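What follows is a single structure, written as structure tokens, with notes after it.
Chain IDs A, B, C and D follow the sequence of writing; residue 1 opens each chain.
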């Protein structure tokens, strides 16, 4: 029904947005989708939502079809950084502004999109590393770290690994003794951690690329008769509700937030972009980090 | 009961005909339901967006016609994009060297898998699964990050529009894919290799006793499939302008589905390339409908795809079921 | 007359399969321009010798010479290239391809590199016409009955310009007319100097066409003889190692039966068989006679519920019965032993025992397994009665010789002790000794009250067993004749030819 | 028994390789009243795969294939956890989840046997839609439950032994009984070996096929309960992702042909254990994630070569140099075209 958004859609304020989501691979992603959908409703934006099921080609197809349907603005979370030039050029030729969310694209041609709204995965890795460096700064003993990576090759896994390694690399006492992919899931997190525990007797720190893997690992650690948060310090990324709960319970030591709630900011940007106002090319989401105490305080108002 | 009265010799075209009819019906239904759907460009976009899948599915058709299966295609596609991208961005190889090399590697992988299947009499599923692991693993050893392609030839190719009449356009990849289909159809229908493919699928033992070069045929189909996958990879790198180890995950399933939806029997020996083309178009059209529907949540998207597939398959069955002998 | 140099000579051939010594020191020679019969019981090693020769199986021992040069083919393709054209025992064609393709595949006529379909079809039709066969050559082979497929396989083999032609039981499903056509072609080829190796269990055919024969028993050579110098009785004696009892006419006169068992009224299926009415009584043996494709198999399948009838009704024991599935028919005590053992009969990967008890088990459902002791006892009885060899019930059926496979299929239905047993070409590929045994069994069972519908391409056999003979022509039941003194094969042939007008 | 020899050899070799890298690999201790050790882990984490493969074996034996098991795994776990999180009893939750799984399996069976749709497509429908259904049930979120009774299924212990292992043993025993003691196995093999011949032998193939798919659904359902119970949460997105591929691989390694017919339950169990051992090996010897797949490719290749009689024969021939003389006839004896 609401196919075409009335030409350029500047005057009457009714905006049609085409939003291409990566998929629904995690609770984080679902919260992200929900946030976009809810705030679209609030802001009176007609949302064309398309799920790419983790495939870049599907996202490209979706963006093409948005262009076909002559939406007013296109927003999407790229599966990966590269390979968007062609379709973004088509969007530009059709005079449809594009907003990137969550992840950036690596095109040299910055006129292809108006703005990028999202977190910085490398920075998240760095924050995790910095906390680690700080909390061990008065000991000289070697620190044995195991790492649970995200899906091999995925952008958050690559970046969170790199940022973390960059920071701890400065001090040779930090040693990553084992690093495996846990595919961002609890089940894999638990399975891999069980194997780590068997083959590495002394593990001091666990760094998990998301809460879910950390939560799975906690079960493994408990199963091995150790105390998570004490015998093995745990750092994770995301700050979903279950993770925050574990943090508040003292089972996790530190969580770097990666907020999925981009919706309101996205709608603001969209309105501005459609009106032709200038927007900053990089908008970083408001994100923080949590210690155990902060988690206890923040937990009651945690929405997802 | 048969709706169409066809002579026995024509009856084997029935599934393909029915599939074609249903495809048109689906398109019409989409046109009624969605504004802007009933345009020629929508159909062309299905082709543009699925040119690589079409090429891969053509290779898969050869394999399935012999009664085999090739699970490695998706990874070989990914590997091809990765090799192409990294060779062009790193050492800066020119495309006219890179593309033949990639095609050679794809065909070579297929050849090796086919040879193993044939020489050691191992089920194709497991050999090509190993091939799938291998190709994907090679991608990651080249790099886990996505590698952009900035080569001017590739970019030009990616962004060329071939204008047809009345504002309709296609990409060069579509032409390549259609040429591949035409060549493959010729090979299947007009060459001894093609007929040996059907015979092997009909009964491998009989084909051997009839004195057909079964071993050579089997190795050939996997080589063809490997080649088509590599070519699909090249087309995909035109489409994406990047090489990435996670490209085309699960594409083997799409390709198999397209072939089987097109009426080819997984047990081998029966089916047409035209059916495969239709199968790819049907999958593409389902995707287009989903994106025109526009309001589906992630999970309703999946459920809806399943439903459309279900309706399609059941109708196809209903219209083409022949009375038993 | 000096014996010319053999074109093919096999010396000291040995072949061992796991658990079976199929060939042991066999010598064999084939002269140009002769028809040479290879004789032996089921499982004697005839097919194995042929497969070893053409490279399907590697030889374990011995040498093969073609034209005086030693050869060892890696497969049928190489054998074909060297001029040996073969029709193997089980019809080995691709049912998914058209008739024309089955004849020409691998050597399709081409024009500028591409297959010339038009010429291929024309030549195929021509070739089949030589065998007096008029088929739609563009139709897939699966549309045709086994006998037609056998003819197509023959057409393929005789068209390959070869110096040696091997025919392994090509006539097992053919009726007299087709056999005559085949023999005509064979004689022509023979005159052209082609050496023909011929296998058949029909002694009359052997004596009609062959010049010389080699006899095998249990994988060993018994001897080579000129056909003219060995009588049939001597031959059988050499084959089975003992004298065979005279084949008596088992059912002399037409009896009258009063207890109707199965009545089909206006039963038919469009495109397959015209509506027919047929009554089978308890203890009665009804034979069906007719030419290839006349619809005998279709009658049988309808009575068994293997196909859906287009119209008409069936009554069993006086009450109407809906035979929609084979299972329903079996529930009424009807059993059907199909003609195509490979496609419709055996499960090749199961053992002999499992194949034999399969139907019995099916009637009991999966929750009530046939106790193992009972299985073993039943299987042992029938393996002995039918002389299934090798006598190991745990052998895979796929590894049995053709004739023995047929016996396994028969055994499956015999142990069911049905009320009506439909036998479609039950003696296909079965040797003389076992054939007599099976015929004796049929008589015994019918004397015990079982009704039998007996279909065979061999009219003598039909006459020998039946109380009544139904004649089919062009998919129509044209006559039902009591089997009395007046009924002879000639009368039957005439009835078939005239479409029921005779008598 | 001989058919199980080579899978056993491979499994043993993999375990030995682990001992080489982790000397204490084979040791099993009792810790806090539970059996504890890598071997136990392999069995425990392998349990769902063994189950799914078991169902898959029978499906494949009928000449079919079931791609939807992964989705059924997700649905079953999701439904059970949803019920429990809404304060339904564990028993109700489990019964509902398994009931739905069986129904979904039967649906597959109906499409295959009743509607005559090719198995791979028939089950692809549920594979795609089922994943959506699982996400619909969980609303795309991870449902966390804290119920000790539910935890028992996949994460708990009974008489020091992980309950999941006992469960698998029980289901394995029942399956073996149904197929090998009763006549189900033979009928399945007949249907898979020659469908038309089976029909003419009076086997009710449709019923058997529906039943087998329903059984595969049940196995996947139980596996789904185990997986979600093990981590006390249901993940509609990721639970059972790609498990169908592993299951099919396990069946094939176990010596069952994808063409249908003969099947081997023991082989399948060994196949699944080989796959799980391989996974554990990768974790414990520290194969980096980027090379994991290469390692897997290597092992799978070795596995299929070792299993291949043709390969072994050729390897022996090569060593003994007893290759067959090649034919010499080709050049001289020409065939007229």
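Just a few scattered comments:
One rule holds in what follows: contacts are C-beta pairs under 8 Å (C-beta built on N, C-alpha and C of every residue); 3 or more make two chains touch, one makes a residue touch a chain.
Fair warning: this is a prediction, and the values are worked out from it, not measured in the lab.
Using the mean of the Cα atoms as each chain's centre, the chain most removed from subunit D is C.
Per-chain CA centroids place subunit B at a distance of 28 Å from subunit D. Computed centre separation for the pair subunit A/subunit D is 33 angstrom, with centres defined by C-alpha atoms.
Distance between chain centres (mean CA atoms), subunit C to subunit D: 43 Å. Multi-chain contact residues of subunit B (touching two or more other chains) are listed as 140, 144, 297-299, 301-302.
Multi-chain contact residues of subunit C, defined as those touching 2 or more other chains: 80. Counting partner chains per residue, subunit D has residues 135, 140, 289-290, 292 touching two or more of them. Chains touching one another form the pairs A-B, A-D, B-C, B-D, C-D. Against subunit B, in their complex, subunit D makes its touches with residues 67, 115-122, 124-126, 128-136, 140, 236, 245, 248-249, 252-253, 257-259, 289-297, 300-301, 303-305, 307-311, 314.
Within the complex formed with subunit D, the residues of subunit A that make contact are 24-27, 29-31, 33-34, 149, 152, 178-181, 183-187, 190-192, 194-196, 198-199, 212, 215-216, 219, 224-225, 242, 304.
Considering their complex, residues 116, 119-123, 125-127, 129-131, 133-134, 136-138, 140-141, 144, 253, 256-257, 260-261, 265-267, 297-307, 309-310, 313-314, 317, 321 of subunit B touch subunit D. Remark: subunit B residues 7-9, 12, 186, 189-192, 195-196, 198-199, 201-203, 205-213, 269-270, 323-325 touch subunit C in the complex.
Subunit D meets subunit A in the complex at residues 21-22, 24-25, 31-32, 36-38, 41, 45, 135, 139-142, 144, 155, 227, 230-233, 235, 237-239, 279-280, 282-286, 288-290, 292.
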